[in-house]
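Next come two complexes, and both contain subunit A; in the first it sits with subunit B, in the second with subunit C.
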Partner chain A sequence: MPAPNCLRCLARPPPGLATPVPRTAAAASPLLNRPAATPIGTRTRAHAAPFSTTPAPAGPPVKPATPVGSGGHNRVGKKLKLGKFKTDRAAERSKVPLPGERKAYRKRITLSNDNALPVPWLADLTPSSLADPANTATVMGLPDSLQDQLRASDAFKPSQSWGMFRKPAVLVRKETVDLVNRMQDAADKKQTLRLVVTGDKVTGKSMLLLQAMAHAYLNNWIVIHLPEGQDLTTACTEYSPLADTDPVQYSQPVYVFKLIQAIKKANENLLSKMYTAVGHPGLPQSITANTSLLTLANVAKEPDAAWPVFRALWHELTHRSVARPPILFTLDGLSHITRVSDYRSPAFELIHSYDLALLRLFTDGLGGSLRLPWGGAVLAATSRSNAPRSPSMELALAQREAEQLQREVPKKDPFFRGYDERAEASLRSVQVLPVGGIDKVEARGLMEYWAASGMLRATVDNKSVSEKWTLAGNGVLGEMERASLLTMRV
Partner chain B sequence: MVFIFGVNFNEHKLVKKALESFYALGPQKSVRILAKYCIHPRAKVGTLAPKTVTALTAELSTMTIEGDARRIVQENIQRLRDMGTYRGRRHAMGLPVRGQRTRNQTESAKRLNRVDRRG
Partner chain C sequence: MASSAASLLRLCLRPSRQLPRLRAAATRQATTTHRTFSTTRWRRAPPEDEAGDEEGAEKIVEHDPSHRNPGEYFKAFLEDESINAEERAAATRALKDWERLPPSEMRDFEKLLTSLDEDASWLRKNEVAKRDSFWNEDEADPDLITDELGEDDFEEDDILAMGHAKLEEHREMREYARLAVWELPLLSKLAKPFQPPVDGEILRFRYTSYMGEFHASDRKVVVEFCPADVPDLSEAQQLKLKKLAGPRYNPEKEIIKISCERFEHQAQNKRYLGDLVDKMIATAKDPTDMFEDIPLDTRHHKFKKQIKFPKEWYLTQERKQQLAAQRQQALLLDDAKREKGAMVDGMQTIQEALAAARAAAVEVPVPVAKPLGRGRR
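The block that comes next holds the complex of A and B.
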């Protein structure tokens, strides 16, 4: 393409400049002899030829006073400006949260709300109150020391609405009294209660587990709680094979280390008053007989030593020669452990959850092969919202429930291959506690507590209780909460 | 910072990703190495015991990765070139080898197909 302006034309005065240069333009130009560029649209232009190859002005362009006609090729067009709407993102962004901060915020547990009204008639739990049928359908508060213990053992969950009330309180329901009485009977007879709490979504299974733990803490039991089955089986924590085990078992040192810390914190009073029956020379710090169990637990100063210390602690707690308190061993999220885990063995085979040493201990307790000599309970709760498929567990629980009710026992599907023999074996003789909706009396007690806390701003009468109870699928606790507490409608 | 096989890795890096950063070590091999040393898949480099780090380095030094693996590829290409095959010529010219069109979209071929192949 030829250049629009020829170089020779630049040196020569343009033909239109034969007439005198306007004074202003000449004065402005530093080179007086040189014909200055003429601003477009000045008088000179009028004399210019209709078509000219006049070069573009060299000086700063002056806007024409009048719009140029169709011949204005020099008009400056629209310019593409990239990113004109972009703002400085770096300046806008506030401080990025530190690693782990978001998760801590997501998992935080608030147990009190200063804006909620204190409920004057709210009584605190006493050692016997959960076992007393007279307390059914009442809401009872958790004493402060118990709150600390439950918090230390991770019994509260972020999804539960503790943060709406002045202080944490629980509804005593028929199932609670039933469960607690069964636990107490077993402990009195130095037997082990083996029970699975099951039921639909948000019916209060984890809450029932929490109440069982509350009862155990108040009655000076030793409580060991595994808050989530999935923490142990989804390959999120360290694992290492245990020597001298055949078939090989795996310990989870970091998890067990944290568990020992939790046990220590929650059961500190009891552990400091109990003393070892035998010596434990194999630990990193040699423990002689007649040392307090708290000292024994303190030996686990790093994850590597955690599993031997836990074994020693368990051995001491279940020692037959010294009187020990009953033990409550609980786990939430059963379906995560009744299957093959996500861990791999060095031979690249998937490890069954029951080959993880800590879970082996729990499932042995649940299956009945491990006895607690001083009595106690091994409890598990199923979860319905975060639960992988576990056909064996579903079938076993359905079978046990049918056996309890003396109905026809469901049979295995002969054409289905997804069953897990080991899971079935461990659930062959457990008791099942089905949890469903609460009845209307309990619903009324709960709603009165909500209203007294100022969280439910409605009259609590038979009509409103019935309405919420029905809305919640015949009194499913979580749904009642959704229908009345967690809604913005007043 | 943790040294594995002569490379310095940040403590917050996943062990799996650190292993896969070596040439010719992909997801298939890395999960097997992790299982062999009982490292869980979400482990970070910083949590490894010094003993495990040494074992990993020893394991990697027995494998055909990085320079050895690159050399094998280069030798294969050089063999094709020496025989004077069509594939060898196409490699030398930096053009697609397997009958793809060359009118456009040959960036990968231009980048990769050469006798002294790097990547």
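The block that comes next holds the complex of A and C.
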């Protein structure tokens, strides 16, 4: 049996010994010789331990087993014990949620409700139904495979009330038909639609983006969706500088790794049928020409390889020599990226969002300097509830909208400093799709769906539709939901 | 002897219970309304009874602490070049008389002078209110109608000072009432008809009058003009003029407004403003630097949005008819739907679904019910 303490340990003073050694004794024995000058605020006890970066453990200091200088005359008498009749609170307390559990609960997405009634006349979306003006003001269901794809690419948001109905369904609006037709036109002509969806709070901007994605998935487009601009710019995901870039760009390996997983899952069918046009020898696993793109995407086994794989994938998807499907590249929460990010360079200077490689790719697409040879669309949606102030974005969108309506274009305030020139440059030639309230016909279609699902306990006639439409500030969708669905009054 | 002299002096200096001098002067002023109406400040003429010929006499009475006795004083007086021969002779005589006095009397005189100085020193001292006294009680109150000095000493030969002051107040009010009735209507004779400015008159001045009262801003003059009205200015020059005016330019009204109260008199301020405007126009015309790189700054001005009730929102007869027609149409559509059975009713849907579930449960006891198609999770 080995001894519990080695001899060297015994030679040291015990760690709990707080009494300073007298100077004479220190001078006398070389073993206990310590520097005479002690830094202010350090206890004598700290000298026994070597320098360490780990913090001292919380809680009361460890008492030595025997009191220091204990003689035979120290009695252990009766001790005062406070709260001896109290029960153990810790045992009563229920289990504390694990790390991340609360957030997962908060962010969970429920897409169905077994208690809601199935709507008999609900038709599923077909590849052409969103482009058909005849479907305006009808509610249409999302097919199962599409649900999987949209879920994989994080298109659903927890704030949207999917969890109230038997099956996820969307209202086809005039704006939807307009947007989808523009997308389809651009794809047919092998052009790139560059468009920003903007509008007031809860008017359905993200939902319009979801409908665009639904159309793209149904028509076999490749869809790349960045669900929140905020995730990329608030410095909550890792970043690393990219070699051979001047000015230095930064990749976000973990985010891109997850993005590749999402792309792979959502576009699996398409990717498995497409083959590489050129070889990619630089990747962790060398890819030769004529390998399926799914295999290429699978090369990203860890975050370190994510960015090169993503570049290779993008290169293949936009390769001119092989016929490829159109690409839909979308981002929600535009105002988070049209500004300086929270990341810092090694020189501790703030990094502009456009110097983050993934966002650079998106904004190049939005600004028009990046062409999609096989057509497609680059769409962005603004957010109004969680959005930092982005004066250049606001101004640019207002200007584009005024240009479209041939009104007087608002001018830049010459004495305001907060503009961002790079953001302005990227938004100089985009189209703007303003989203407002729905009209009464659309409101009626929506409310009939709600009533048929058993979620709205009222007769859907002209009076009730007008009432809710007016309450919702001329048919703002989210407000209509609040006025009729999310209220406790039945 | 010295103390008796000091008490005599104190007696002389005791305030009379009659009105103080300043108050008398104020009432006298109010009655002098014979001056023509003017915006310039009036000033009091020097009192006639204190004219220059008595200055010499005043000098003799004047107490100068540098002369210890009459001998010294007369010596200093004789050194003055401006006195005439008669005065010189009299002074020489007085000096000789003084020098003939025995030295003990001279000393007594000096002693008397010293004691008088000491006793009367509190009279000469400036009375300064104590700063942190309780309720500032040492401070004189200018709002009271009397000056509160010695007004409690009543010798049964007159009414109290407060009574005098009240009477004086009545007199003053009557004086003003008389003025308002008899003299103010006469001012309308002086009124001039308004004449709108002609083409050349681009400056608009504003003056402030406090009706002869002294006020800190009675000298203030304000000028306003519109850069577009200035003759022979091109667009670029007008813009430069606006930029030169800085925050004094109102972009909503397009007017430059400058004020001046730097000088003592209105006329001086007005002259300054006129010169300034000339200088600004000359600078605006100077082509060396047209400030093209500086945008017009309007940050100082808050634009007020004029909100008008939209014309389309007025409920005209036509609009009412239109709305009624729309509602009728909607009702007809609702009726048609109801007849067809296409009207969706939330409550009814729920009842039907519950009834169907119940019926299914009755028909097939085991298993409980054919479950409805389960949605996706």
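The rule we apply is simple: the second predicted complex is superposed on the first by the 402 of 490 C-alpha atoms of A that agree within 3 Å, B and C clash if a C-alpha of one lies under 4 Å from a C-alpha of the other, contacts with A are read in each partner's own complex, and residues count from 1 in each chain.
Everything below uses one rule, namely that a residue touches a chain if its C-beta (ideal position, glycine included) is under 8 Å from a C-beta of that chain, and two chains touch if they have at least 3 such contacts.
Because the structure is predicted, anything quoted here is derived from the model rather than measured.
**Q** Based on the superposed arrangement, let me know which partner A:Y250 touches: subunit B (first), subunit C (second), both, or neither?
**A** first
**Q** Does the superposition put A:P346 against subunit B (first), subunit C (second), both, or neither?
**A** first
**Q** May I ask you to decide whether A:A235 touches subunit B, subunit C, both, or neither, giving the answer as first, second, both or neither?
**A** first
**Q** Go through the superposed model and pick first if A:A266 touches only subunit B, second if only subunit C, both, or neither.
**A** In the superposition, A:A266 touches no partner, neither subunit B nor subunit C.
**Q** Is A:T459 in contact with subunit B, with subunit C, with both, or with neither (first, second, both, neither)?
**A** Second partner only, subunit C.
**Q** Please name the chain, subunit B or subunit C, that touches the greater number of residues in subunit A.
**A** Result: the larger residue contact count on subunit A belongs to C.
**Q** Where on subunit A do subunit B and subunit C both make contact?
**A** none
**Q** Could you pull out which subunit A residues touch subunit C in their complex?
**A** Touching subunit C from subunit A are residues 110-114, 116-118, 144, 147, 166-167, 414-415, 447-448, 450-452, 454-462.
**Q** Quick one: in the complex, what on subunit A touches subunit B?
**A** 99, 235-241, 250, 342-348
**Q** Can you tell me which positions in subunit C touch subunit A when the two form their complex?
**A** Listed in rising order, the residues are 295, 297, 299, 327, 330-331, 333-334, 337, 343-350, 353, 372-377.
**Q** Going by the contact rule set out above, which residues of subunit B touch subunit A in the complex?
**A** 12, 31-32, 34-38, 40-43, 47
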